[in-house]
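Dropping the structures in below, format is structure tokens.
Heads up, the next two complexes both have chain A, just with different partners, chain B and then chain C.
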Partner chain A sequence: MSSLLIEKTSPTAYFRKQKLTLTLFLLGMIFVSWGASVLTQFDLFDAFAAIPRVAAWMTANLLPDAKAWSRLPRILDKLWDTILMSVMASVAASVVSFVFAILGSVTTRPNGVFAFLARTIASINRNIPVAAWAMIFLLSFGQSSFTGFLALFFATFGFLTRAFMETIDEASASSVEALRAAGASYSQVIAQAVIPASLPQMMSWVLYMVETNIRSATLVGLLTGSGIGFMFSVYYKSLQYRSASLVVLSIVVVVLAIELISNAVRRVIL
Partner chain B sequence: MTAVKRNLRTGRIIVKRPTAAKRWVNVVLLVLLALTIWGFLTIETKGTDLGKATVDTIRYFGIMFGRPAGVDTHFGVSGAGSWGVFTAALRLLLVTLALAFLTTLVGAIIALILGLLAARNLTNTRTSNIIKGFVAVIRAVPTVLWVLIFAIGAGLGAVAAVIGMSFHTVGYLLKAYSESFEELDEGVIDALRASGASWLQIVFQAVLPSSATYLLSWTFIRFEINFAVAVAMGAAAGAGGIGFNLFMAAGYFFDISEIGFITYLILAVALIMELVATQLKKRYHIHD
Partner chain C sequence: MALLEVERLTKFYGDSRALSDVTFKIKKGQFVAVIGPSGSGKTTLIRCINRLIDASDGSIRYDKEDILALKGAALRHARAKIGMIFQHYNLVYRLTVIENVLHGRLGYKSSIAGVLGMYTEEEKTKAVEVLQLLGLEDYVYRRCDQLSGGQKQRVGIARALVQDPRMILCDEPISSLDPSSAKIIMDYLRRIQKDLGITILVNLHQVDVAKRYAERILGFNAGHLVFDGPPSELNKKRIHEIYGTEAGELIID
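Our next item is the complex of A and B:
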């Protein structure tokens, strides 16, 4: 928007131009929203009216009952599988991402060809949504946790490679330069400059991915019939909403707990 | 000078002393590794032959990316040629983009209001903390569950999808917006306050104009994320659009060429949006 541009115009002309830009922008937005609403048969007023209705329904029908609580051990069992799946996908992807990030980052790339290949592969991986990965692996690996792991692994790999490349460039560029100037070999540079300088930040990214993957694992589980997502969908489809809501509550507790732990760890290591 | 610490066995001088931070890095590394190994040992594969499945996957990838093709009846354009299928798929892609757009819009409006109330320099600490805590809980529920919960009350469709997807959008944008507001020069607000400006005047004359470009950039970055979310909701929560076709192609028709066709389309849109987002981030030095 033009508000930040300093132009040599009179104040009135400046404000008139600013008003014009704002008006055109708002009109454009209204037009696109209208088009999008027609295309998707979405009604904004319906939507806002639905919020209080659903909120009222939720408070009346989503409190877990005794039957739901009796299912808690099974839910916790699946939840544990899901946590393991998220950690596995994040850790395994971080190892591969680290190699790709070394090849692709401006500071440490061995040559342009490798860098281009690493960046392209990571970018394609990152831009295929996790839901698409899940559907791709579903065909050959069937309805199992392993399919979920693979889907999370590929989506995480694309994201972490970019994050790691940025981390390496930010955290270790100066120490890499210093070691190179002192005549250190490539492997020495990696072991003595890149890894020590960027490990804490990388770990922070891995923890972030563990958090994100638990939420994604629910989605992947719904699609591939595994883990906590499958549990939810079984109760949801059989209209046992009170049990389904206990699944949601248990996910909330786990996600918040992991967030608290990783925030505490971040405060110490960063 | 402090006494030089030596390794007792080799007699070499110890240059680096392990700090608390380094110890914690090691502890976390060990815990994550242990959980990963445990996970690999106990993961259920339901009797899938992993070697064969891997070979199959590589073959499927070849078909997906080598021979992408959509089937006319799957896109509701029976008898149409490949061009007809392509345009039908583009329309579905547009539906997904429209869902992402509406979600971003609804989310942005709510986040803007809450963001003004959550920015520390514009409100008191208590309000700020209450809003931020509330958002943390909302964000802990996965998007797909929000959509399905709203689908009970509002029926499967665009309304449930957009409202359900808005929750995480609000959480994400609220953080981005309130931090943009907090970066505003304290002097500007003080000057306006001293000259008797009301809260609304401060917001509309100082806060919003000076952060408008940041807000728009962040909003676009969320739009990019919401596209992927909308694909997922089409597949998992009946939100419509190209995601639903992906789900049908893989889950019901077992049509690998069609999965490839749809994946290519999604990838093309996502890459274009990423390119724009990267430019925006570079231009305004944004880190997400």
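Our next item is the complex of A and C:
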């Protein structure tokens, strides 16, 4: 039946219909954007027209000057703290996440109750953004790097548990079945099938979280008064934009460098 | 003497019956093929025997042991005496061939020795011998993701053989292989049965392969055992009973 229907439509008519659908879709999109800009009183053309002025202002006020460069050692020092903090939070969270992922994944869960608990705890953690964690711990622990660490730790834990569970199910489900069939015990299955099959992918996720956390650490530092984020907010609030922009520039450079390094590591392990 | 006795085996998935009142016995050293359309219960049957799936009702006796009553360490020991090979090989592809083969010994080891991968010299020698038997002596230290499909399946067979099993369960071992690799695998299974006296119970999609290799064929349809006999008795009419009329014609032509 269906093949007959297809034969009735000529290729010309088929492609005409396809083009018509696409055109209508694009017109619809333009209408929605226009409607949204009217409602919010946002003028796209004004915004674009402002770009040259903004660029001029940025070159005039944001280029780091000699004074800003003289602060570079202190900036780098704080940046190093931030890198260490994010590595520490990622690694610590990955250990806890691994345990939760083993308990929660379909392939390796010991029983339904543990699995439900592990998944629920991880899911709650994942759905609270890192900024919210920072605010929560700020109230309980005050302004300190420990607060920053905890915020990064919990957000990372939520995300990594989910990622690890999927990795375990994808990478090791079939070999887990084979080892169980051969009479292997639960701990043997974990050590001999789950870990070797999923470790490289898990390490790749941890590297990804290190990158993400350096970016987040900036925001978290801003809120919790620690690390590079704190430096930025101090310069920014005291109107020393040239120094603040040097902070941003150095973060960009570091994030790019970390990305390059972790890509290289990934190529080796995957 | 029967090595495997299956009696009135029944398995429900929710309300649907995957296996209904299946009864048969398999003698030591037999080569038995299980055929039937997809969803007829072949895979469920194989997995009930080593308890990868828990049966709903009935009994399974293997080597005089009541399989369905086993728990914990006793279940591990029973499983260790039954080898299994899979359609998708189910190897740990990031590990080397010999590491995968040695996984077949885990059922005999203490948990801690297995976790740490501490295998005895005899076990390692045995693994290499089995690999020689299967023509994989040049691939002992190769990572499994570098092997072809046929080679991966031979690693799967080697892993089952180091278990020193009295029976090997094969779940569609050649369904992912090209015809020549498939023939190599089936020939190895026959050699294992003939030379080592190991019972082979193999799920197959290919009726012609089943007729050529098996001494006895079990035919399933919708969870019922509808045929049990030697290949010579598997005529047109019987194939129609197992596969239904339309598919049956395709298989016979």
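Here, the second predicted complex is superposed on the first by the 217 of 270 C-alpha atoms of A that agree within 3 Å, B and C clash if a C-alpha of one lies under 4 Å from a C-alpha of the other, contacts with A are read in each partner's own complex, and residues count from 1 in each chain.
Here is the rule we use: a contact is a pair of C-beta atoms (placed from the backbone, for glycine too) under 8 Å apart; a residue touches a chain by one contact, two chains touch by 3 or more.
Because the structure is a prediction, the values reported are computed rather than measured.
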Contact-wise, after the overlay, does A:188 reach chain B, chain C, both or neither (first, second, both, neither)? second
Just chain B (first), just chain C (second), both, or neither: which does A:129 touch? first
Does chain B (first) or chain C (second) touch A:179, or do both, or does neither? second
Is it chain B or chain C that touches the larger share of residues in chain A? B
Looking at A:12 after the superposition, I want to know if it touches chain B, chain C, both of them or none. Which is it: first, second, both, neither? neither
Scan A:88 for contacts with chain B and chain C and give back first, second, both or neither. first
If we overlay the two complexes on their shared chain A, which of chain B and chain C does A:111 touch? Say first, second, both or neither. neither
Just to be sure I read the superposition right, which of the two partners does A:40 touch: chain B = first, chain C = second, or both, or neither? first
Return first, second, both or neither, reflecting whether A:59 touches chain B, chain C, both chains, or no partner chain. neither
Chain A positions within both the chain B interface and the chain C interface are 200
What residues of chain A sit close enough to touch chain C in their complex? 172, 174-175, 177-185, 187-188, 190-193, 196-197, 200
Complex interface listing, chain B residues touching chain A: 20-21, 24-25, 28-29, 32-33, 35-36, 38-40, 42-46, 48, 50, 53-54, 56-57, 60-61, 64, 94-95, 97-99, 101-102, 105-106, 136-137, 139-145, 148-150, 152-154, 157-160, 162-163, 209-210, 212-213, 216, 228-229, 231-232, 235-236, 240-241, 243, 246-247, 249-251, 254, 256, 259, 262-263, 266-267, 270-271, 274, 287
Which residues of chain A touch chain B in the complex? 1, 3-4, 18, 29, 32-33, 35-37, 39-44, 46-47, 50-51, 53-54, 57-58, 62, 81, 83-85, 87-88, 90-92, 123-124, 126-132, 135-146, 149, 166, 199-200, 203, 206-207, 210, 215-216, 218-219, 222-223, 226, 229, 232, 236, 241, 248, 251-252, 255-256, 259, 265, 268-270
In the complex, the residues of chain C that touch chain A are 50, 52, 75-80, 82-84, 86, 88-95, 103-104, 106-109, 111, 114-117, 156, 159-160, 163, 169
